[in-house]
Amino acid sequence: MKKIEAIIKPFKLEEVKDALTEVGIYGMTVTEVRGYGRQKGQKESYRGAEYTVEFVPKTKIEVVIADNLVEKVVETILRTAKTGSIGDGKIFVTVLGDAVRIRTGETGERAL
Amino acid sequence: MRVFQRFRLIPYVLVMLSMITLAIPAVIGGLALAQTATETPPAATAPAPAAAPPAGAPPAAAPAPPPKLDTGDTAWVLTSAALVLAMTAPGLALFYGGMVREKNALGTIMQSFIILCLISVQWVLWGYSLSFGPDHGNIIGGLEWFGLNDVAMDKADTAGYAPTVPHQAFMIFQAMFAVITVALITGAFAERMKFSSFLVFSLLWATFIYDPLAHWVWGVGGWIRNLGALDFAGGTVVHISSGVSALACALVLGKRRGYGKEHMAPHNLPMTVLGASMLWFGWFGFNAGSALGAGPLATSAFVVTNTATAAAALAWMVAEWIYRGKPTVLGAASGAVAGLVAITPASGFVGPMSSIAIGVGAGVFCYTAVIVKSRLGYDDSLDAFGVHGIGGTWGALATGLFASKAINSAGADGLFFGNPGQVWIQFLAVLASWALAFFGTLVILKIVDWTMGLRVSDEEEQIGLDLSQHEERAYSKN
Amino acid sequence: MRVFQRFRLIPYVLVMLSMITLAIPAVIGGLALAQTATETPPAATAPAPAAAPPAGAPPAAAPAPPPKLDTGDTAWVLTSAALVLAMTAPGLALFYGGMVREKNALGTIMQSFIILCLISVQWVLWGYSLSFGPDHGNIIGGLEWFGLNDVAMDKADTAGYAPTVPHQAFMIFQAMFAVITVALITGAFAERMKFSSFLVFSLLWATFIYDPLAHWVWGVGGWIRNLGALDFAGGTVVHISSGVSALACALVLGKRRGYGKEHMAPHNLPMTVLGASMLWFGWFGFNAGSALGAGPLATSAFVVTNTATAAAALAWMVAEWIYRGKPTVLGAASGAVAGLVAITPASGFVGPMSSIAIGVGAGVFCYTAVIVKSRLGYDDSLDAFGVHGIGGTWGALATGLFASKAINSAGADGLFFGNPGQVWIQFLAVLASWALAFFGTLVILKIVDWTMGLRVSDEEEQIGLDLSQHEERAYSKN
Amino acid sequence: MRVFQRFRLIPYVLVMLSMITLAIPAVIGGLALAQTATETPPAATAPAPAAAPPAGAPPAAAPAPPPKLDTGDTAWVLTSAALVLAMTAPGLALFYGGMVREKNALGTIMQSFIILCLISVQWVLWGYSLSFGPDHGNIIGGLEWFGLNDVAMDKADTAGYAPTVPHQAFMIFQAMFAVITVALITGAFAERMKFSSFLVFSLLWATFIYDPLAHWVWGVGGWIRNLGALDFAGGTVVHISSGVSALACALVLGKRRGYGKEHMAPHNLPMTVLGASMLWFGWFGFNAGSALGAGPLATSAFVVTNTATAAAALAWMVAEWIYRGKPTVLGAASGAVAGLVAITPASGFVGPMSSIAIGVGAGVFCYTAVIVKSRLGYDDSLDAFGVHGIGGTWGALATGLFASKAINSAGADGLFFGNPGQVWIQFLAVLASWALAFFGTLVILKIVDWTMGLRVSDEEEQIGLDLSQHEERAYSKN
Amino acid sequence: MKKIEAIIKPFKLEEVKDALTEVGIYGMTVTEVRGYGRQKGQKESYRGAEYTVEFVPKTKIEVVIADNLVEKVVETILRTAKTGSIGDGKIFVTVLGDAVRIRTGETGERAL
Amino acid sequence: MKKIEAIIKPFKLEEVKDALTEVGIYGMTVTEVRGYGRQKGQKESYRGAEYTVEFVPKTKIEVVIADNLVEKVVETILRTAKTGSIGDGKIFVTVLGDAVRIRTGETGERAL
C-alpha cells in the first residue's frame, strides 16, 4: 500500500476528487494547509500597515491506495490539478505499513 | 448583448419586451391623465399619498393657518432618519455580507457602506433637488435646490411635503431612502463587479433612475403622483426600481464563475440574521417615519409593518417546510425582508388584517420567485430581484387591493373597499417603474461596460473581491 | 415524570412544592383582597402602577379634560417599541446565539427570531385582547379586541392605559413585551428542543401563561393589579414568568447529551456581548418606554435603568473576581442583563441611589444562582432561570423595599420609605407568578411531550440543531 | 521615563514641549480673558455655545417666561442618550474589537463594555457634579450634586443647560459622553494593558481629566466657555482629550511585542465595519442630540453630521487609492469615524457645504496621521490619536473657520464669515485641552505604573488578553 | 518507531484520547480534516440552492510510538472510535525514521 | 528523499521559516494542529462552567528534502523552534518514496 499526499490549489479540489472517483478511488482525506514556495502571497494593507502573507492557502489530499494504483492516481492528480502557473503544488508518495477499517476491523487493502 | 446569447433567458426577455409594449402607451396615457388631474383644483381632489398631512389633523376642510414646527414630529422624523441609515449600514451590509462567500465578505459589505457615503453627498448636492425640487414638466425636479440652496433648516418646506418638521429634516430622511435603494441593487451583482465601475454605475443610477422616479411618484407635480397612484414609503420608488434594476444587472453581468457547480453557501448566516433584524428595526423609521409626524398615521404604519413582516416570515418558512421539508433560518429572514418590502407602499393605507394578507402573499410569492430563479438560470446572487422586485410589485398592486380611506383619508380606497380603478392606477405606476428601471439600467450598464468594464477578471473573481479589489482579508488568523 | 427520577433534584422539587402550598392560599387570599380593592371607587385610591399617567401631569385632583394625543409622547412610545423589538432580534438572538456551540448557533438564533414573528401575529389576533381587553372576573381579558377590533389607531385607549398616545401605539409596544418574554425561555432548552414542538409550546405558553399573567398584573381589573402590586415594566410578567418557566423546561427536558462531560464553551462571545449591548440599548425602550410618555417618569426610569445595569455588571464581575480569581467578559455581560432584569419592575418607582443597590444585588444574587446551578445539576443551558427568574424575583421584591412616592406619586412607598406592607403585596405577586409559570409550563410541556415529543433524537442532537432542524450551517467555508 | 529613551520620538517630544510653552501662557491668558468675560452681564453677550437654546426660539430679546418641559424635546434627548450608549457598546467595542488579533478580541471588547459600566456609576456619583455642578473658580464643578443630589427628574436644570427637558435627562445624556470619551482611549493601549490597572487608570482619568475639561468647556462658569470657544458636541472635551491622552498612553506603555515584525492584521473586519456603522448611527444622538431639543438646530446638526461623515469616508478612501493603489474597507470605515470626529465640535454651527469641507479635511488629515505614525514608530495600536486627536483638533479649528451665526445665532461667526478672532479662541481651547490631556495622562499613568504596573507580562501578552486576563476565549470550536 | 494515523469521528476524540492515556500514550497531535468515503454528507439548503457537501468533518489523530506498542494502540483506537456505523474511519500505520524532542534534543523513543 | 515533520509552537513559525529559507529550503507546507502532551492547557471559565482544554494549539511544518539535507534541517529547526519550556514540540523524520511537481511533472529531488 502507498499513501499519496497531494498539495493542490484549493479550488481544484472538486475536480481532482471527481477524477479520482472516476478511476475508482472512493476514499480520501482532505486538510486545509498553508504553503510556502515559489508562489508569492497576496499583499494586504490595513491603515498604515502593509503585509505580504507569504503562506498561501493550499489543500492537502491524502489517499491510501494499493500499490498497483499509484501510477494511475498520480497521473490523474497531475492532469486535473494542473493549471500551469506557479503554485500548482506537489505530490508525495510514501510507503504505508498497514491500514485498518475501524468499523469492521478489516486490514490491508480490504480496509480501503 | 450578452443577455440575448442565453437561450434559456429568451422567455424572460419576451416577457420584458411585452412589458415595454405595454409600458410605452402606459407612460403616455398616464402623462395625459396626469395632466388632466393637475387641472382640477389641487386642494379638493389631488391625491397626496406620500405627503399625507400628519394624520391627526382633520381632513382639511377650511383653510387652516399653516402648521407650526412640532418637536414631537421632528423628533420622530430625525429618529426615523437614523433608523433608515441603520438599514443600509449595518443592516443591508451584513444581510448581504453574510450571504456571500468568505472571500467576498468585505467587498460586499463595502458596497453598502460606500453607497451610504456616496449617495449622502450626491443627495445633498443635486439628488434632492432633482427629486423633490420645483417640478419641470411633471418629469423631474429642477436644480434650484442644488447644494441645499433654499432648503431651510428652520422652516418647513414650502411644497407641503412635511408641514410640521424643518425642511432639512425631510431632506435628510429622504436621503436615507436614496441611499438604501442604490445599495439594494448590489445583491444582484455581488461577488463579481469591479469596484470602480460599481461606483460610477451607482452614481449614474442614482441620478438618472432614482431621482426621476422619486420625482414621478412623490415629487409635487410628478406625473405618477398626479395619476393618484399610492406609494406610501416606496414600493415603486425603492423596491421595484432597485429590484428590477437588479434583474437587469444579473442579466448583463452574467453568472458568477462556477455558479451552479461550486459550493456557494452563505459564509456567515448569523451575520445575515443580524442584518435582517437591523433591517426590520430600521424599517419602522422607513414606513412609520414616512408619516412625517408622530401621530395616528405613523402608529398605524408601524403596526402594519410589524404584522406584515411577521406574517411573511412565517409564510416563507411554512412554504419552504412544505416544499422542501425543512424550515430554514435564511428562509425566515428572507421572508421577513419580503414582508417589509411588500408592506412598504401600503403601510400608510391599510389596516392590520390586510397587512397579514399582504405579508402572507409576500412570503409565498417571493419564495416562489427564488425557486423559479434557479430554474431560469440567471444569477441574481442574493435575490435582489426575487425579494425586492417581486415583493415590491406585489406590494404596489396589493395597495390597490387593500387600501382604505378609513385608515388614511388622504389616500384612496382599493378594490376590496369598492374602488377597482385604484388597481389600474397602481398597475400603471408599476409598469412605468419597471420600464424606467429595466431599460435605464441597461443603458447605464452598457455605457459603463464599454468605458471601463463591469466585471473583475476571472483571476480576481477566483481570489475574491476582498483581496483583489481592496487588498484586505475579512478574517485574519495571526 | 423525568423530573423526579433525578435524585439530586429532590431538594429543589421540595422547595417547589412548599411554594405551591404557599401559593394556593396566596392566590385565593389575593383574589379576596383584590375584590375588596375594586369595590372602592377606582378614581380615588385604586393603584394604577403600570398605567401611571405621564408623570409630568400633576397628581390628578380635579377631574381634568381628557388629555389629547401628544406627538412627543407618541414619538417616544413608537421609538420605544422599535427599541424593544431590537431586544429580541438582534439582541437576545445574538446574546443566546453566541453562548451555544457552533452546531446550534443558527437554531438558537432562529428561536428568538421566529418567536418575534409568531407572537407578533398571535398578539394582534388574540393575545392583546386576552391581556388588555375588557376584564372578565379579574382573571383574563375578553376576546372583544380580537384582531384589533376596537383598537383605534387615532384615539387613545378608553381603559386609560396610555392617555396621550394612540391605542395601537400602546398595543404594539406591548406586543414587543409578549415577544421577548416568550423568547427568553429558549435559553433553558437551547441545543436540544425539536423545532416543531418548540413552536407549538411557544404559542400555547404565550396564550395560556403570558396573556393571563399580563392581565392579572397590568390589565384593568386584573387581580394582582387590584392588590396594588407594583411592576413597572415587567418583573413578574416578563422575567419571573419566563425565568420560572425556563426552570420547568430545564427540569422536564433534562440535560443536554454530554452535559458536564463535553466541552460546551460559548462558540462566539463577541456575538454574546453584541447581543447584551443591544439588550441594554433596547431596554431603555422597555423601561423608560413603560412611562408611556416622554416626561419626568420616562427620564427617571431611563436613569435608574442605566445605573442599575452598570452597577450589576460591576458587581457580578467583582464577585467572580473574588470567587474565581478572574473577571470575565461573559460575567460582565451577564451581570448587565441581570441588572436590567432586576431594575425592570422598579424602574418607575425608585431613585438613582436605590438603583445602585438593586443593581449590586442583582449581580451578586444572579451570579450565585449560576454557581449554585452547577451544583444542583439541572441543565438550564443559558441560565434563563438564573438570570431572569432570580433577577426578576429580586427586582420584584426590591421594588417593595425601595419604591418611593417621591419618584412616582401614582406608585407606592416601599419598606425603606415607611410602608412595610408593600413587601407583602410584592411577595404575593411573586408567588402567584411563580406558581402560574411553573405549573402552567409543566402542563403545557407534558401535553406537547405526549403529542409530539419535546427533544430531538440523540443523533440529531449530535449533529446539531442547525443541520438537523434547518439543513443549514451557520458558517461555511467555500 | 521610557518615552525619552526612544530617539526617534525626540522630534515628537519637542513638539510637545513647545506646545507646553505655548499652553501655559494660553491657559493663563485664557483665564484672564474669561474672567473679563464673566463680568459682562451674562444675558446680553455671554456666549453659551453648548447650551444653545433650542434653536426654534427667536434670539431671546425680551425676557420670556421660563420654557416648559417639552415632550418632543425630551423624547429626542432620551432617544439621543440611548443612541450615544450604542456608540460605546456595541459600536466602539466592535470597531476596536475587530481590529485586534483574535487572542485579544474579548479583552478589547471588554474594555469598552466595562468602561460603560464603570463611568455610568462614577458619573452618577460624582462625575456629573464635578463637570456641570456649581462652578468653583471657573475650573471645576462642586460636589453639591454628588449622587444626583438636587438633580431633578421633573424640572429642567436651573443652570440653563437644557431648559425644556428634565434635568436628569440632560445628566444621563452627558453621562454617555463621559463614557465614550474614556472608552476611546483604549485604542491606544490595546492588546497589552493589565485589566486591573486599566480600571484604575480609567477611573482616575475620568475624574481628573474629563470632568474638569468638561467643566472648562461646557460648565456654566468654565473658563474656556467664558472665552467664547465653540464646541458643540465635544471636539475638545471628547476627541482631543481622548486622542491626546491616547498618544500619551502609546508613548508610555511602549510598543506591543512584535510590533512591526509580526503580522497584526485585524482579526475580523466585518465586525469593525459593524462597529463603525453603529458609531455613525449613534453619533446622530451625539451631535443632533446636543441641540438638547428636537428643532431646527438638531436638524441642522443631523444633516451636517451625515454629510461630513460621508465626505470624510470618501476622502480617506480616495487618498488611500491614490497613495497606496487600492481603496480599502478599513479606510472607508476609518474615514467615516474621522469625519464624525471632526464635525462634532462644528455640528451646531456650520452649514452643509462647510460640512463637506470639514469632512474632506478630516479624511485627508487623519489618513496622513496614520501613515506618519508608522514612520514615527510609536504604537498607537488602533489609531486613537490619529483619528480622535488629529480629527478633533482639525474639527475644533475648523469650527473657528466655518462657524456661522446664520446657522446658530447663539454661536459665533468663524474666519470665513468675517470673524478671524474666533480661530484664535478655538486655538486656545485646543491648546489647553492638549496640555491638560497630555500631561494629566502622563501623571496618572506614572502613578498607576509605580503602584500596580501598566502592562501584562510578556507571556500574558503572548497568550493574549482573553485567556490571560479573563480566562475566556472569544471563539471556541467544540 | 511507528506513526499511527487514525481518521475518526470528531466527537470520539475525547474518548480515544482518554483510552490512549490509559494505555500509557501521553502525546499525540490532532488535526481537523474532511473525509470523503462511503459515508454520505449532510444535505444543506439555502433559498433556491441545495448542496450536499460530500466531505464530512473528521478528526485525524497522529501518535508516534515505539514498535512494540503498535498492536495495543491500534486495538485501543479500534475499540473506542468504533460506533459501528459507516464513516467510523481508518487507521494507517507508517514506519518512522526518527523522532527528536525540540526542547531537549533527545532522539528516538526517548523523544516521545 | 525525506519528509521532516515538525510540531512547533505557533508563534515560532516565522522564525523557523526564515531560518529554513536561509539554509536553502524554499518550500514547505504548514498545518494548524492541536497537540496533547506534557504541556498543560489553559484554564477557561464560563459562568458556572470551568474547562481546561487539554489540547494546545500547535503548528505542523512539513518539509520534503533531499537525504543529505536532513541533518542541517533538523538542526535548524531545533535551534529556532526551541524556547526551552515544555511543549516546544517534536521533529519526525520519514522516508519518502517519490515527489512530483504538479506544474511540470518533474519527479524526485528536482520536484522540490
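As written, the chain order gives the labels A, B, C, D, E and F, with residue 1 at the start of each chain.
Everything that follows uses one rule, which is that a residue touches a chain if its C-beta (ideal position, glycine included) is under 8 Å from a C-beta of that chain, and two chains touch if they have at least 3 such contacts.
Everything numeric in this text was worked out from a predicted model, so none of it was measured.
Looking at the partners of chain E and chain F together, the chains they share are A, C. Taking C-F and C-E together, the pair of chains sharing more C-beta contacts is C-F. The distance from the centre of chain B to the centre of chain F, with each centre set as the mean of the Cα atoms, comes to 54 Å.
Chain centres here are Cα means. That of chain D falls 47 Å from that of chain F. Centre-to-centre, using mean CA coordinates, chain C is 36 Å away from chain D. Across the assembly, chain E contributes 31-32, 44-46, 94-95 as residues in contact with two or more other chains. In chain C, the residues touching two or more other chains are 70-73, 75-76, 79, 262-266, 268, 274, 324, 326, 328, 330, 471-473, 477. You'll find the chains touch as A-B, A-D, A-E, A-F, B-C, B-D, B-E, C-D, C-E, C-F, D-F, E-F. Interface of chain B with chain C (complex): residues 54-56, 70-73, 75-76, 79, 83, 101-103, 262-270, 273-274, 276-278, 280-281, 284-285, 288, 293-300, 302-303, 306-307, 309-311, 313-314, 317, 324, 326-330, 332-333, 336, 351-353, 356, 407. Against chain C, in their complex, chain E makes its touches with residues 11, 14, 42-46. Those residues of chain B lying in contact with chain E across their complex are 263-266, 324, 326, 328, 330-331, 334, 370-371, 373-374, 383. Of all the residues in chain C, the ones that touch chain B in their complex are 69-76, 78-79, 81-82, 85-86, 89-90, 93-94, 97, 105-107, 109-110, 113-114, 116-118, 120-121, 124, 147-148, 153-154, 165-166, 168-169, 171-172, 175, 195, 268, 271, 274, 466, 469-478. By the touch criterion given at the top, residues 44-49, 51, 53 of chain F touch chain C in their complex.
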